[in-house]
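As written, the chain order gives the labels A, B and C, with residue 1 at the start of each chain.
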Amino acid sequence: MTRIAWLVATKDLRIEARSRVLLWQVLPFGVIALLLSGLALGPTQVGNSTAGPGLFYLVTLFVTLLMINRSQALENAPGTKASVATLGLDPAGVFLGKALALTLELWITGLVLLGGSVLFLHIALIGTLQAVPSILVTLTTLAVAGTLYGALTRGGDGPATLLPVVTLPAFAPLLIAGERSFSAALHGGALWEWWVIVVVALVAYTAVGILLYGVLEES
Amino acid sequence: MIKLSQRLLGPVTLLLLGLTFWLGLWITPPDAVQGNLVRLLYVHPPIAWVALYVSFGTASIASCLYLWKRTRSEVMDRIAHCSMEVSVVFIALTLITGSIWGRPTWGVWWAWDARLTSTAILGVFALAYLALRRANDDPTLRARRGAVFAILTAINVPIIHFSVQWWKTLHQGASVLTSNGTLNVHGSMLWTMLIGFVGFTLLFFWLLRYRYRLEVKRDLKVADTVVEALALRQREGV
Amino acid sequence: MVVRLVNAVVMSRGFPLLSGVDLEIERASLNVVTGANGAGKTSLLRLLGGLDSLTSGEGSVVGVDLLDGDLRSLRRRVGWLGHEGSFYADLSVRENLVFAARALGRPVDDVASAVERVGLTHRIDTTTKQLSAGQRRRLGLAWLLVRRPELWLLDEPYASLDDAGREFFDHLLGDVLAGGATVVVSAHDPLRSSDLAPRNLQMVGGRVRVS
């Protein structure tokens, strides 16, 4: 399982490094979404709003959706699907590999967006740095959950439009937990509850993925 | 025995619901604080109970049974699908009755209250389940994906509950049983509410039964068209 | 017997792709499936590869039951060459083949010889999407050489191959058959090469007529 996971993860990352879809399509989208968030806040609010962490996570969620679709589209190209299926890869390994690659991609994207948030939304730098561990764990959970939900919508009618409907309700508690822990790092407040939510979700999604990813393969 | 109970399901459901409305509207007294609004107590909690526990529970259990190889059958898939569909109706009713109750109590139709928010999120889950099913034509794939999604939803129920609960709460605490186990509601009000709970639970199973039968009929029709399509295909080029 | 199908039906979106196929295929035989567009050639190959599941009927491929067997283990034992091309477009020839070799636990050293055999050595580090259609088809064959499957399923392999490619392909098939593997090829017309003496399976309306 770990061998296949590593194989799939390095393959996904190599494709990403080569195609640069993340760099040229996803990141610019994230940055423009952050700028639009600042514009939506209005000139009086944008410099002193407490909405920064929430907007950061909202933008991150949308960016995550694009990245999940991209991650699944790699496997769904005509021909690729059939020939890779004949490799008979261990589904748990494929799940972990894709989740791992998506996690690393999401970490990079998240850190860039975090820099953008500090710049555009005027979030305090020190508090932001303190929030980094919780953000990385939340992004990991988003990637693991996203890999599962991405596989659920793959190959159906309109996977790109189906994905948000299927994924966003599951992302809601992660958004809450992420935003609250970010705010707690900035302004103080309870933290452990949010770690519990994110870590429990991470464990649950990982377990379900390892056990059931094979069930999602097309019959 | 089973046949008899199936036959009685409808009339008993109607009787209990009729009784709930009669007792709730005419017999029970108005509340000292909430006045006539308290009558929603006989409808809103039972509907929410069916929406969040009975129907979601049924769908989750049926989905687990579908994924477990020994109990895998299209019966389980149909039960999961049909109860999720009925669940959407009950979640909508929960939100509507909650909103009607919330307007005079909180002054707004929608409040960022913990239970209201988590119910709405679960409602989107139920709709997403139905959307996911529609997006897959292959019956096996549809059933498998639906079952995995239902299980993910069941896992999400406590996660959503606690996250939203900790996020903020305006809603009154548990209505009937307080945290120290004493009863909050007394006399005719309690009875009316209990009858409501049983009535709406039976209504769920009654609706589920009819929805299930409809699904069986649809599957039979699909099977007929398959036979026709097969015959047509075999005649190609002959 | 490598393949045994009895009244095999495969449905997709309410349409019978295969409408009752009866077929037996011997080990180390070359079988050519011909037929008009939409006759069910690709669907038959996909069924044999465990890529689509049997809706009704019976069948087994390389000893794996198509209804109750482990289709993943079946897929590991067949080689598939689709007509769309079959690999990750953003990986190079070498990277694609190394991925396949590692996934199946085959020695990575086989890659260079497979690439040489299909005549792609000069393009080994080229990204797959930069290859021509014919070169992609050669890559598909290299992918199969690395995999060394028991059952080769080739969906219209002659499409986009030049004359040299076709000749090379016929040689390759001869070697594969001599090695004891079984080959099923789909094509619009019967094979031109007479040396291989293939068995012709004609498909009409989702069924096979053996001629």
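In this section, a contact is a pair of C-beta atoms (placed from the backbone, for glycine too) under 8 Å apart; a residue touches a chain by one contact, two chains touch by 3 or more.
The structure presented is a predicted model; accordingly, all values stated were derived computationally and were not measured.
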Problem set entry | Chains partitioned by contact, chain A not counted | one piece
Exercise. In terms of Cα-based centroids, which chain occupies the most central position?
Worked result: A
For this session: Tell me, please, which chain's centre (mean of its C-alpha atoms) is farthest from the centre of chain B?
Result: C
Exercise. Approximately how many whole Å separate the CA-defined centres of chain B and chain C?
Worked result: 49
For this session: Would you mind pulling out the distance in Å between where the CA atoms of chain A average out and where those of chain B do?
Result: 31
Exercise. Between chain A and chain C, what's the gap in Å when you average each chain's C-alpha atoms?
Worked result: 37
Exercise. Touching two or more other chains, which residues of chain A qualify?
Worked result: 219
For this session: Pull out every residue in chain B that's touching 2 or more other chains.
Result: 137-138, 140
Problem set entry | Interface hub residues of chain C, defined as touching at least two other chains | 53
Problem set entry | Of all residues in chain B, those that touch chain C in their complex | 137-138, 140, 222, 225-226, 229-230, 233-238
For this session: State the interface residues of chain C toward chain A in the complex, per the touch definition above.
Result: 46, 49-53, 72-73, 75-76, 78-91, 95, 99-100, 102-104, 127, 140, 143, 147, 149
Exercise. Considering the complex alone, what residue numbers of chain B touch chain A?
Worked result: 67, 121-122, 124-125, 127-128, 131-132, 134-138, 140-141, 144-145, 147-149, 151-152, 155-156, 159-160, 162-164, 166-167
Exercise. What residues of chain A sit close enough to touch chain B in their complex?
Worked result: 148-149, 152-153, 155-159, 162, 165-166, 168-170, 172-173, 176-177, 180, 193-194, 196-197, 200-201, 204-205, 208, 212, 215-216, 218-219
Problem set entry | Residue ranges of chain C touching chain B (in the complex, touch as defined) | 9, 11-16, 19-20, 36, 39, 53, 204-207
